[in-house]
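Take a look at the structures listed below.
Common to both upcoming complexes is subunit A, partnered first by subunit B, then by subunit C.
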Partner chain A sequence: MSNKIIRTAELDPNFKFEVTAHESARDLNYCFACGSCSAGCPIHEVFPDYNPRKLAKMIKLGLRKEVLSSDYIWYCATCRTCEQRCPQKVSFFNVLNVLKNIAAKEGYAPTAWVEQTKQVMQTGIVFPIEETCVKKREQLSLPSLKGEGKKAKKLIETTGLDEIESRG
Partner chain B sequence: MSKYALFLGCTTPIKVPQYELSARWVSKRLGIELVDIEDFVCCGFNQGNLSIEGGLLLAAMNLAFAEAQDLDIVTLCAACNGFLAETVAELKDEATRDRINKKLSLIDLEYNGRTKVKHISRVIYEDVGLDRIEKAVKRDLSKLRVAPHYGCHYLKPKSAFEGFDEPDNPKTLHHLISATGAAPIQYETLLHCCGGKTFPVSPDIAHLLIEKKLNNLQTMGIDAMIVQCQTCYLMYEGQQQKVAEKFNTQYKIPVLLYPQLLGLAMGGDPATDLGFDLNTMPLDKVLAKVEE
Partner chain C sequence: MSDRKEEKRIGVILCHCGKNIAGGVDIESLHKAVEKMEGVVFIAENRFSCSEEGQATIQQLIKENKLNRFIVAACDPTLHLATFQRCGEKAGLNPAFMDLIDIRKWTMHGSPVKVDSKQALENSKELIKRAVKRIRLKRIIPKIAVKTEPSVLIIGGGIAGVEASLELADKGYKVFLVERLPTIGGKMALLYKIFPTNDCAPCILAPKTAYANAHANITPLTNSEVMEVQGYIGNFRVKILQKPRYIEEKKCTGCGICIEKCPSKAPNEYAAGMGERKAIYIPYPQAIPLKAIIDAEHCLYFQKNVCRICEKVCPTGAIDFEQKPKMIELKVGAIIVATGFEEYDPSEKTEYGYGRYGNVITQFQLARLLDIDGPTKGKLLRPTDGKEPKSIAMIQCVGSRDESTNPYCSGVCCMYALKHIQIIKEMVLPTAEIYFCHIDVRAVGKGYEEYYRRTRGLGVVFLHGRPSEIIENPETRNLILKVEDPDIGERTELEADLVVLSCAMVPPHGTKQLSELLHIELDENGFYKEVHPKLQPVETSARGIYICGCAQWPKDIPHAIVQAKAAASCVDSELRKGEIKLPEFIVKTGKNKLRG
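And then the complex of A and B:
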């Protein structure tokens, strides 16, 4: 996210409404930009450019493309410290999930997450079940894994999640 | 005797079977019956990145499988714990539950809000209790000084855990460690996240996070870190040498899963019962401090 001049003509004033229309992001309306989210964020601590408060401000300003195309929204460690510390009870974790969902539909999803979904539709879990793993589990007398993703696939297909493509 | 459906999650059975092995071993000896449900799938937490509804459906599907057998769920993974427990709370809303059940009916399932979710450490803490753990101890671990690492989703979101422990100042893993005889420390980066969910997108940023904690612990003179989630384990142990090379330093901090430590105290065979030889970091210095 660069610190260039913001041109109001390029802003999308509806973006904040698009985001807060999602129930889990509605509370973003209550944010008064105190920065408790950023103060508690472990990613912000080691990588200061990643800044939840700044992202919240960008949503409110309407920097739609900058936010949705940014790698940053995918850096969240999902530790949920931001929502735990927020005096206004905004879950920035939930806001980020909404941003990621919108970004994914527009073709910005990272390959790693798209591949995981494909795998879940095959084996039911995010990994293939390889022969070495099967043998190791036998050696340890652990039960065998079913590795069946058909039912998960059926549910996933009702959401459009199966159609999301990675940005490559 | 308590009875739960064991939710293995994706990563533990494939990459960290020593967690599963040791959890099964201690559970059996502490009167926790674990039932395997082979239909369980991914908890849905990561799928929520791309589709909140998709994640919710997978979580509800798992809850429904357990409910069909009248069982509560026990998880090993902290993230499965947080996400499934949050879903239980979310599905208390009737309109949401109806919407989800309509889709679950496609695969002949239904969730009515009976099945609850707890992490294995919480089950040990609440169902077994510290007194019974202390009575089950057969080896002296008092020379071990260890650093607890809670894992973010063990206690968050707070609203899903009915007042169990306190995410900003957690104590239960400290107590669980003390009950084994080992000494848990307090340290500055206690609440730091392992970066497991950042890693697939940016290994560099995840490494910065891991380094922060290992660097802090390096100065604390500990014998091991104790974690209660396989992702935290893979980050702090599996990435440890890469982080050391990257930051031009040396780290040799063994990482144990809590049931491995508890099982060690309870007299389990480190290799065959608790899978110590599956940990990549040598554990001989830990074992040398333990007395029969």
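And then the complex of A and C:
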């Protein structure tokens, strides 16, 4: 996003309220940009461009589209260090969940993520089980790993996850 | 005790002050040099002269060596002269013959006049030489006792002046409270609400101002200014000029009929230039005293010899066009200066366009707009078109923390800007988007950080950057601000319908003249200078004259009150016995006699 000029007239000032309307993200407004979240985030360490503090400010400014369409909000490792360290009791982890929910509903979900959902609906399993693994389990007399595709589908349908489309 | 014929036995102590002095000057050489000085019969060194042990040593030396004059070469006399005078007195030494001279300023870390060790040695030698000479030539005449007037002049009727008045009046002193405006109360009366509790300003101010007005021991002199000050502690003679109101105060009931009928309009200073008042007016509904006043500059009778309508309609016959200025002469024992502050005029910072762009206002103006009793009756409307602003940008530190205007932090503007955000978001215009452009937020005080947090919770955009300039869109009269916030990384162009500048607090006009009348010093920023910023914050270089509130330095109301009480307490300590002893001595230098 370098060299761009952000013009507030083109932004959505209500975005912060849209996010903080969710109980789990309510405290985001208290953020005073101290950066503890970013400093402790293991993902920020690997991808410096992924920056919770910056995302927090972008939400407040109302950079709605930029935030929701960003790959970064899907990078979180869900370790919750940010939440642990924040002196203002902001759970940035929860803020990300709220963002991901909004993003998914609006068709911003990454393709891989949607494909994975489809697979779970079909097989009931997140990662496909490789043939060697199946054989090994048989050798060791372990029960076979059969996914419960049908049950998973039902569950997913009740949450509406099945309607999520990827950004394609 | 000590007289002309008596042999002068001068003792000198060189204090090391730990390493503060000993670390920066060759004490041994200094010691040798002092030994040779005329009249010095004894010299010693002390690691910390001010410590109990150090003082005991001094007393022992005085007694053992029958010293009748003593010099401590150590630190600033404003800090410790009294300590050593008391110490010497216990060993039988007249306090006038105890001197403290500051050689530490040449050597101590952080001193603005620190020099290298060679120079420090020369400077110290010279200072001690002069002190020795001075004390050799000094003669004393007995202390004289003077009666003190049990009355106090307080200049400035803001919250600080009013508080100091009440403290002293309740203790039994006669107080003359001089205010140059037609009402007492100062800025606080015009602030609408007061952080950090957001109480209504007039509601918490009026009990004080009304009590001051009614107090048997307080004479409020509004519309008045100090013209002359003579004398010294206990016995100041002052002249005060009371300008005419053209109203007989005793007759005026504050009914306001005259105001309704008066045909002549004038800009309203109590609406920060954003409204009008009549030529005859009452500053605001809670003004004290609640009496009308005629502004001769806008009155048709004074200007064109016509009208006199107010005179015809006043039911009590209170109008008196013949009133003349009155010179009031008073004798007072002490003086407190509480002249407060003024808002910095931001038109000097041309990049922000104040005065050129109609929708750029100051925080003080915003306070008036938000006030139910203000020019818009509490509606937030932008000046150019009277519409409610959808977006508001606040710029902090305008004329503060800026080497081209005022280097200091005004300390209060972060807090009152946060207050205005709370009022807008919670009461006046919750839908407005607010951008707060700051260098950093200073919320230091009891309950202040919590107040800052509460403001953030309302959903405000805090931008960590100081806008470099404002450009007006000539059609919409909207304002474009360029800000750079390192958290975002990109340049941001803020578009706002209204911009509010958080301006510095500066000394009020007339401060320099008043300081000259009072013979007290101003600091480098033009505020009244205290004797010591930490230890004597309300005392001035003139005994019997004290300062408090924003006259000393920008501050919030809690701190102004603390200082007012402190100044009142200083006055009481000096005047309570009804008599003070003035130390008097003479230094004979050739033909000239210096009395002090």
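Just so it is clear, the second predicted complex is superposed on the first by the 159 of 168 C-alpha atoms of A that agree within 3 Å, B and C clash if a C-alpha of one lies under 4 Å from a C-alpha of the other, contacts with A are read in each partner's own complex, and residues count from 1 in each chain.
Going forward, a residue touches a chain if its C-beta (ideal position, glycine included) is under 8 Å from a C-beta of that chain, and two chains touch if they have at least 3 such contacts.
Keep in mind it's a predicted model, so treat the numbers as computed, not measured.
Look at subunit A after the overlay: subunit B and subunit C fit there side by side. Vertex at subunit A: the C-alpha centres of subunit B and subunit C lie 110° apart in angle, rounded to steps of 10. By the document's definition of touching, of the two partners only subunit B reaches A:Ile43; subunit C does not.
Of the two partners subunit B and subunit C, more residues of subunit A are touched by B. When both complexes are overlaid on chain A, the residue A:Thr8 reaches subunit C alone and has no touch with subunit B.
When the two structures are aligned on the shared chain, A:Arg64 is found in touch with neither subunit B nor subunit C. With chain A used as the common frame, the shortest Cα distance separating subunit B from subunit C works out to 21 Å. For the contact definition in use here, the subunit B contact set and the subunit C contact set of subunit A share no residue. Remark: subunit B residues 9-11, 13-15, 17, 20-21, 24, 36, 38-42, 45-54, 57-58, 61, 79, 82, 103-104, 106-107, 152-153, 156-158, 167-168, 191-198, 200-202, 205-206, 208-209, 211-212, 275 touch subunit A in the complex. Contacts from subunit A toward subunit C in the complex involve residues 1-9, 13, 16-17, 20, 29-33, 53-54, 57-58, 60-61, 88. Note for the complex: subunit A touches subunit B at residues 22, 24, 42-43, 45-47, 50, 71, 74-81, 83-84, 91, 97-98, 100-101, 104, 109-110, 112-114, 116-117, 120, 124-127, 129, 133, 136-137, 140, 142-143, 145-146, 148-149, 151-152, 154-156, 158-161, 164. Across the interface of their complex, subunit A is touched by residues 391, 433, 435, 441, 453, 456-462, 464, 485, 487-495 of subunit C.
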